[in-house]
Amino acid sequence: MSILDVLKPPGSRVPVPVGCALEIVDLPAPDQVLIPLEYPGQILFRPLVQAGDEVACNQVIGRSEHGNFIHASISGKVVELKTMWAARSFHVPAVVIEKNDTPPLVGDELLRQCDIDPQSATRVDLLRAAGVVSPWTTPGHNDSEVDIEDYPEIIQIVIKGVNQEPTICSFRLLLRTRTEEVQEALRRLAEIIPQARILLAVSKAEAEWASESFSDLAEVVPLSNDFRGRIERQYVGRLTGIKVPNNASYRSGGVAVISVEQLLDMYDALEGRPCIRKTVTLSSSRDFQPVTVRTVVGTSIGDLLASQNLVVEDGDRVIMGGPMTGTAQFTLETPLSKFQAGVHVLKAKDIVADTNLICVNCGRCTRACPVNLQVHLIGRCVEFDQFDEAQLYHPTACIECGLCAFVCPAHRPLLQMVKMAVNFRG
Amino acid sequence: MNPDAPQSKFNIAASSHWRDGSSLPGIQLTWLLALLPAIAAGMFYFGFAGLRVVALAVVASVVAEMVWNALVPNRDFASNYSCVTFGVLLAFLLPVGASWWLVVIGSVLTVIIGKKLYGGWGAYPVHPVALGYAVLAVSWPSRLDYTESLVGQAWSVTMVEPMRLVKTLGASAQVDFNLVDLFLGRQVGGVGNALVLWLLLGGLFLMLVREIPWQIPAGGILGVVACAALLGLVAADRSVGPVFHLLAGSTVLMIFFLAPEHTTSPVNPWPMFLYGLLMGTLLVLIRTFSVHVDGAIFAVLLTNFCSPLLDRITPSVVGREVQDVA
Amino acid sequence: MNFRQTLTHGLWRDLPPFRMVLGLCPTLAVTATAENGLGMGIAVTFVLIFSNMFISLLRKVIPDKVRIASYIVVIATLVVIVELAMKAFFFPLSQQLGIYIPLIVVNCIILGRAEAFASRNPVHLSMADGLSVGLGFSISLTLVGSIREILGVGTWFGMAVFPDSFEPFGFMVQAPGAFLCLGLLLGLMNAWSRRRGEFFIQT
Amino acid sequence: MREIAHLVLVLGVICSLSAAALAYVRTSLAGRIEMQEDFYVRGPALERLFKQPAEGLLTEKLTVPVGDQTYPVFYLREAGEVTGLAVEAAGHGGYSGDIVIMIGLDPRDDRVLGVEIVSHSETPGVGAKVELASFRQQWTGLTLDQPVSLTSDGGGIDAITGATFSSRAMVDGTNQVVEMLRDHRQEILLLIEERSSGGAVSGGEG
Amino acid sequence: MDLFLLVIGSIFVNNILLAQYLGNCPFCGVSKKLGPAIGMGVAVIFVSTLASIFTWIVYHYLLEPQGLEYLKTLVFILVIAALVQFVEIFIKKQSKGLYDSLGIFLPLITTNCAVMGIALLNIKHGFDFVEMIVFSASSAAGFALAILLFASVRERLFISSVPVAMRGTAIALVTAGVMSLAFMGFAGMTN
């Protein structure tokens, strides 16, 4: 902290990214994994294995009605089928696998286990069989027995080359360390969806390098360093002209948004490699240099943190995701899934608790809100049971960026109040 | 609570987990820091007499707040220091020789009626200090005469309150005052309301650290200047020049400290600007046409009442249209 | 309501103007001194008792359609009588109360009692109701007037209560002081009611 | 039709009863009201000016119309000579409305005996200070041959601190009297002469 | 210019509600929400102006020539009551929308001190016809302005941590007092 930081005004200390080392550390698979059968949007997956079954790495262990699959990330014995609280606090089924040395599934077997004929497999089939999200999926749509042409047209694709959360560097590092694969994946993407405009959002610091590397494959757009400029809904809206609240899909506007990691997963899938690994940045608010690691899905965050000697003590807060929008965990058993790119440990000393102090009407929340909500009024309406009144301020437009709570000097749980206004409607 | 869920030794809460480091006491301490130059200048000009009023007002305000907190359960805590700021601001408006009971009654009115009765910081509709001072002004107008309380002060400047002289002798009396003297705070006024330069320093500091938004002072200054200039065209005999209005009396205190008070000012950009504009305009109108000598306090009170209405001018919500269709 | 309840409800449970939030204008306007408050209270009480009496007497005769019009005629007649009588016998008071005497006609309490009580109750109850509400109103006005006069002028019914060095709290006898005094008294009543477990708080 | 007739009949009866009651009250109280008005409004002022009980003085009343205004004038006669005149005027420009004043004057040497406030609605504690003797005594002994004005306007009357408007209204009332007397002094004295020789009983008209 | 001062005077300086204490019951009763408060304000402007015209004519051409001034209280209230009835019927026939938005406020106005008060003040001040119309309309506009600001502030008070005992009418009255104090700022503007 420099002397100038003291002079920095309250409210202007916008979250800016932490620095990180320019490498991704590959971790060996752990002895035991816990694979949650989850998707955001609470899509239901049925387990395909039972306790006692032997499974091979890459073997399908869960299947959704929509024809998507989840794979075992290590070979081993299914010890238990249980339910658990996944990282985002959904209650989901999960499969516990204890490691042994069965060889992994490879080649055509991968497709056959999903009832796909390797000879007539479409590109969508390939992605599905690898458990990869494809940019053309529409939420709630059945993916089986269709090809790309059958989906609503995609006009623009935004590729996230930088993470929204200030503590996470995984996307940036993937761009840096797997540059050639990204280039190849971009080429493939352009072949698959030739009509689409492809945008690659990168951090400002990386803009020059990125233009050199990718400018003939995608439009490179630099994003500012501060969190405000990196909020996904914000810059996607700005770049594509499609502005949607949190609970609406970009797809209705012909826009697909994927991360660099998903792009690489797609590339791997088309090459016949299923998606069982995940890149995450580990960071802490004190005494720890952020490090980005790559490991298999299902590794518990306890194992993950221990591997980097990041100690968690009583009273600390372990956050899956980043500090702005991530979810606090109550146990270190929570496994890594495909959706979180970071684990942040907020040390007890750095925790600022939510309060029930009065809103002093300073208006910082409202001026901070990227979608122009009257956050202070919504908060007050919720506090005083005026839920009907709160609807007049369109709380549904909230994109859950967390900036309102970040700047509130009274430390009110504003984001939660806005969500209550949505959920307790009329 | 899910009975199966294990007891956690971790700290669980919802996002966002980071805060920007601001806090309610922090805000008030910033304001007090901004008031320091004027307090120091007041001591320099008036010696111990000025400090006496400030100290008395602060102590009375804090005691009033503590007594209320002890008697009435409420969520507005003394530890946010807002009563200290109010004490200082009220003292600034009082004459240097104010009787002790006047200061005490003013502080109690400010804190109890102006603030606590409404539930504290964040709830009151008008600036508590403006309320407290206005009640004093209505009850004991002759006790608040700045000119009288500074009789005997050895300055080489006109020893009459500028706005009062202009009010009694007409606009032409403004030539009796040197604008540089006015700017340096060498004018007859209260403990701190007319220390223009020193208040300005504090105000600019508040703006610099973005504790107060720029729109309110900008609107305020524009309002004063524009209204005074316009009046100069239509009623030259009654109205003094824009610069004189800016430098004389409580204008600067109003624009940088009373107007931008968080609870009573609007929060959206345009409303803040309009609010400042309205307040500046009212100040000049009240000074020129009403019976009051320095209309700052009444301009504050009147404009405060307009803030909720002004705050209905909001930027349109992004993504709302899509939402409503869906 | 039985006779006793009728006779007492106006003194606390429905005490005007606090509980009913009606008849605010005279309460605010004429209570700069205790004497004015009492005078207005008595005038209103007089009108209330007799308007309740006449309206109760006539309640079977008056057709529903011209009900309000008839009440207004009765009330207005009584008010004019009070107005003239005040001028003839209490001239200084009538000067002080000024336009608020004719305005008793529109005092929401009086029409309110006529409509809510006198039009459906026998004469003796109606008069008791008028007395009770009127008495409550008089007490309230005298109380408000006393507080404002003592603080704002330093006298009570014209008698000095403070030594000469006291500089009166002029705010109290001016318009804002009236509102403030009423609001604070209502707040105190609410606090007291809450302590006793009654729930009266108006929203 | 019968219903409407019924309505009209009831309302008509109530109205006529009301009218009758009012007419009766009015006629029986009219005289008293007028007396009260003079007694309370002007009586105290007259009493203090002439140092005599008001009852006798109130009957000695003239009204002098000037333009569209009328000035009530009271007088005191001792030993066939008019020893006191009291003129009432409404000073405009008060803080809240007119201030009605009564100026007493000795017509023998044209000096002011004093000024009294008949009615005002100034702020208690501020404008109401015009009632204070210390303020009003500035009038005593003035000769009403030219208009007066406040010190701040270049004249000789010190305004009350914080109540310039009220003070100005007092000055305005005084100047009306000055003007009225300048034009009508003789006429008034003549009228008084006429009245007293014609019998004092007919005085006190409204 | 005099008429201009009359307008300024009756809207701001001698605001009918905050300086003359007329019409307080609807001021406190119909100011919880902005929408109804605006309705009430508009209704008062409309009815008050009409009522003033009628009562002024009745007074100057009926009561005064007959020497029946003392009956003005009785006659005015009847004129106002009848007028409100007619206006209600008329609006109901002419415009459904207007009736829905104003209709519910009309009966309340019969017993509104402001309307009766303005009619009486017209007589007390001895206004001529034009002055009377200007005074009535702008006094009523003063009522509307006050209730508009008041309602917008009260909406905020509902979502503020006002102590329980002060919630509702009590804090509303205190706020009205503060508002009246603020309006003292206009004092003397018409001199």
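Which chain is which? They are A, B, C, D and E, in the order written, and residues in each are numbered from 1.
Note that in this section a contact is a pair of C-beta atoms (placed from the backbone, for glycine too) under 8 Å apart; a residue touches a chain by one contact, two chains touch by 3 or more.
Predicted, not measured: the structure shown is a model, and the values here were computed from it.
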Given chain A and chain E, the chains that contact each of them | B
Identity of the most central chain, Cα criterion | B
Chain whose mean Cα position lies farthest from chain E | A
Using mean Cα positions as chain centres, tell me which chain lies farthest from chain C.
-> A
The chain pair with the larger count of contacting C-beta pairs, comparing C-D against B-C, is C-D
Indicate the whole-number Å distance between the mean C-alpha point of chain A and the mean C-alpha point of chain B.
-> 47
Could you state the distance in Å from the CA-based centre of chain C to that of chain E?
-> 21
So, in whole Å, the Cα centroid of chain A is separated from that of chain C by 69
Rounded to the nearest Å, the gap between Cα centres of chain D and chain E is 33
For chain C, what residues touch not just one other chain but two or more?
-> 69, 73, 76-77, 80, 84, 168, 170, 174, 176, 180, 187
Any chance you could list the residues of chain B touching two or more other chains?
-> 75-76, 113, 117, 119-120, 122-123, 135, 138-139, 291
Could you say which residues in chain D touch two or more other chains, in rising order?
-> 18, 22, 26, 95, 125-126, 165
What pairs of chains are touching here?
-> A-B, A-E, B-C, B-D, B-E, C-D, C-E, D-E
In the complex, go through chain E and note every residue touching chain C.
-> 18-25, 27-29, 32, 70-74, 77-78, 81-82, 110-113, 115-117, 120-121, 124, 163-178, 180-181, 184
Interfacial residue positions of chain B with respect to chain D in the complex = 139, 141-142, 145, 168, 291
Parts of chain C lying in touch with chain D, wherever the complex brings them together = 32, 58, 61-63, 65-66, 69-70, 73-74, 76-77, 80-81, 84-85, 87-89, 91-92, 95, 152-153, 168, 170, 173-174
Residue ranges of chain D touching chain C (in the complex, touch as defined) = 3, 6-7, 10-11, 14-15, 18, 21-22, 25-26, 29, 32-33, 36-37, 39-41, 119, 123-126
Complex contact set, residues of chain E against chain A = 158-161
